[in-house]
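What follows is a set of structures to go through.
The two complexes that follow have chain A in common; it is paired with chain B in the first and with chain C in the second.
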Partner chain A sequence: MTTENTEIIEEHEEKIERKLVIPGEVIVTGDDYLPGDFTRKEGKEVVSNRFGLAEVSGRVVKIIPISGVFEPRRGNTVIGRVEDVTFNGWLIDIGGPYSSFLPLAECPRFINRNDIGEFATIGDVLSAKIWNVKKGGADLTLKSRGLGKLEGGRLIRINPHKVPRVIGKEGSMINLIKDATKTEITVGQNGYIWLKGDSEGEEKAENAINLIVEESTASGLTEKVEKFLGGNK
Partner chain B sequence: MTSTFTKRPDKRKFDELRPIKAETGIIPNADGSALFAFGETVAIAAVYGPKPLHPAHMQDPERGIIRCNYNMLPFSVTERAKPGPNRRSKEISMVAGNALASVVDLARFPGTVIDVEILILQANASTRCAGINAAAMALAQAGVVMKEMVSSVSIGKMDDKIVTDVIKEEEDWEEGEGATDIAFSMTSRTKQITHLQLDGIIQTQRFMEAVEAARVACEKIHDYQIRALKGEKIDETKK
Partner chain C sequence: MNLPNINKKRIISLLKDGKRLDGRKPFEYRDIEIETGISINAEGTSRVRIGKTEVIVGVKMSTQEPYTDHEDEGTMVTSMEFSQVAGERYESGPPQMDSIEIARVVDRGIRESRFIDWKKLCIKAGEKVWSIMIDIYCINDDGDVMDASAIGAVVALRLARFPKYDKENEAVLYGEFTDDPLPLTDHVPFTMTFHKIGESLLADPNRDEEDAADSRITLSVSSGKKEKMINAMQKGGIIGITIQEMEEIITQAEKVYDKVFEEVEKKTKNLIKSK
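The block that comes next holds the complex of A and B.
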């Protein structure tokens, strides 16, 4: 039961110039530019609204966040912890600004309506998919391959903006770790990562993930991780 | 009339800041964190959120709120400070929260809270200013959407001299006209004052001089904040 995450990742080698900006900083000046995500236009200046990497692609200027809480989007696979059990579903903490709701109807297997705590109760960990984002929270579903309750193993948390690095291009990085440590790994786009294997493998996988997070901007990251996994055998 | 205040106790120029220390990301667990120090006044700040706000009656359905907590650690002053909130720390928590709230886009996540924790590790006057500077950096680092930065500085009037970044010894100046201490917080781009507290007395035209001194000093501080946010570890105290 392993969830594959197929977000397309922009590689660092691309020839788009990115620079770190802070709120209120002028990114570019000129009439030709249009403000994109997290930027605003004041006269001729395009100004940053957020800490992150500014990118000018064509005429549009936008900021790619590198820190901050997870902002749920439809289609994201997330891992969350059950916060509360209600009569028709579960409240799940996915680490964002709002907790999300998993309705009973979105659970594909049979569950006794009179005792839904039997399937998952407070403190249990689930992987789920976001199918709707609304004001004040997101709705989750388990109706997809590889979703459901996660039992055993360990749960770690990383910065959600580093998730694409941990997964790598088409899952290359995560598969590398999985193969080397013989561990099941599920990565939630909210930055929660669930690992299950023997304790040695889990430990090694966790360290490898922390290495990726720490050195996420370094070049030749795959080689470094390979070396780390190989060297510890 | 000759002035009784001719030289600053620590031999700084009248418009000179103390050696600055600034760093971000000092608390890995927090969404954003920073350290800021004016010489011997050291403040750290941690930001958590936006996250769901409990108790629910505190929620605002139209906007998020900033919950700011300022506290001095027991060992931050020579005589042990009793930990926990007191009248002074509650007031500073409120003004610091308000100084920051005006630049943050709170309407983005209604019904949530952004927790800002400010702790004073060591105090030698201007603690609220150091705290606000650290908190602004921590907020930015936490990826909170904000229009611009906030920088804060204290401006004093010692007898008839306007001085930047007041220390304890100057705060207690009693000769001549005595000491006046004004804490300013100013936004980085539009230069608006988001917080101002005046302790003492000052003439109207001298006050305008103080505002100008604050503007100049805040620009310098903003420069340190930018550098620290871009990953630099600034430490001017060891030389």
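The block that comes next holds the complex of A and C.
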């Protein structure tokens, strides 16, 4: 859900003016405006709740946050690390203040109930999908294509709000990195990224991703990344 | 985030070929950045960055009664704290084991190297001496905080100036500084921490490498005009270090010392002069 929204916004990048705001800052004043994502209304003023880019589209005012923790939403694909193994599932760290649980029943392959640590134990890395968000936590599932335990490679971590930038429009940016470094890359919506390839490729991909995160607001980002990937060959 | 198993496996397999996750060589340090003038109220301050690791060090001076067994010598107290923003693993509250250990290792390194001439910190024997307080705050932890703290402490001490002292009332006039530097010698102490992961050794680990390490050893080295001396050592972790490994560590420690010393000298020379 989040990516789709952000991608649509990015397509209209040139048309809509965006302003950097901090929490408590008044974005617009007037009865005509309606508060959207991460904003609130105080009298006639629309006030920011988060640090991010504010934009006014029609009557609705909303903010695209550029810092803060990952907020799980249903349907997000995330990457997490197993924090604990219980009798009926795994406790997974997906970053931020939320704990998440992957029940045994949501695992599509056969697992011996008496030894579920055999499939995944503390420290293992999984990619999973969020199917339910509760107060203070999320429930995960592995019942979808491409989900499961991740073997080999390395895990890196970035600010979750930069994930749309790393993926790019319809995956353009991530495919660019994949092709140039010959590395397998899985990006979780929570900002955990799994890379697998040879050591040079992984390192280069990691540096490219860090470059995107650092320069995410710069114009001509794709060219910069292309230059970076080409220049290091 | 705690260390994922796949990262540990990758670190170990890369180290066997003498490589690391970020492309460095096993004993190569990240870039060291040094800033000064962080706090106007402290007698000496510094901010040290090693890669993403960041510490702020402040030196404050006050007077106190000397200890009865060292009546004509000044005193020093070192404290260290991890800010909660340094990493997910740090919470507010009393200092934990890791920060107490860092403070003690830094303190011991400075004390045993005779970097400070304690006798010159005496105001009146048996009654009043200067007391130096070194406060270390870790702002961001990406591994190797121990070495960053030691560098920060040395830089802050070198830049520190005595506050004005009112002899009649025997009181320190805080906020007013003299131009007198602290009585320091040439025995500049730095700590070098080496980590053992599997069968390999490395220096300046990042967070994942530090978590993956089986054991570590910190050498506090100082150099006089001629040769280097090991003043103190501290070992952590449960895995032993062999004699061959220890010899390798000592050889590397000398090299690392020269590199760090050069770097610190280059970056603080102008600052010390201009102050």
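Throughout what follows, the second predicted complex is superposed on the first by the 220 of 233 C-alpha atoms of A that agree within 3 Å, B and C clash if a C-alpha of one lies under 4 Å from a C-alpha of the other, contacts with A are read in each partner's own complex, and residues count from 1 in each chain.
Just so it is clear, contacts are C-beta pairs under 8 Å (C-beta built on N, C-alpha and C of every residue); 3 or more make two chains touch, one makes a residue touch a chain.
Just so we're clear, the structure is a prediction, and the values are computed from it rather than from any experiment.
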Exercise for the section: After lining both complexes up on chain A, report clash or fit for chain B versus chain C. Expected result: clash
Problem - First, second, both or neither for A:81, with chain B first and chain C second - result: second
Exercise for the section: Could you look at A:220 and tell me whether it touches chain B, chain C, both or neither (first, second, both, neither)? Expected result: neither
Exercise for the section: Scan A:199 for contacts with chain B and chain C and give back first, second, both or neither. Expected result: second
Practice task
With the two complexes superposed on chain A, say which partner A:23 touches: chain B (first), chain C (second), both, or neither.
Solution key: first
Exercise for the section: Quick one: classify A:125 as touching chain B (first), chain C (second), both or neither. Expected result: second
Exercise for the section: Have a look at where A:51 lands relative to chain B and chain C in the superposition and call it first, second, both or neither. Expected result: first
Exercise for the section: Look at A:151 in the shared chain and tell me whether it touches chain B only, chain C only, both, or neither; answer first, second, both or neither. Expected result: second
Completion exercise
Residue positions on chain C within touch of chain A in the complex are 1-10, 14, 19, 21-23
Handout entry: Partner chain B, residues of chain A touching it in the complex
Key = 20, 22-25, 38, 40, 47, 49-52, 65-69, 97-99, 135-136
Fill in the blank from the handout: In the complex, chain B touches chain A at residues 31-32, 49-52, 64, 103, 105, 109-112, 140-149, 187-189, 225-226, 229-231
Problem - Footprint of chain C on chain A - complex, ascending - result: 81, 83, 93, 95, 123-125, 150-155, 157, 192, 199, 203, 206
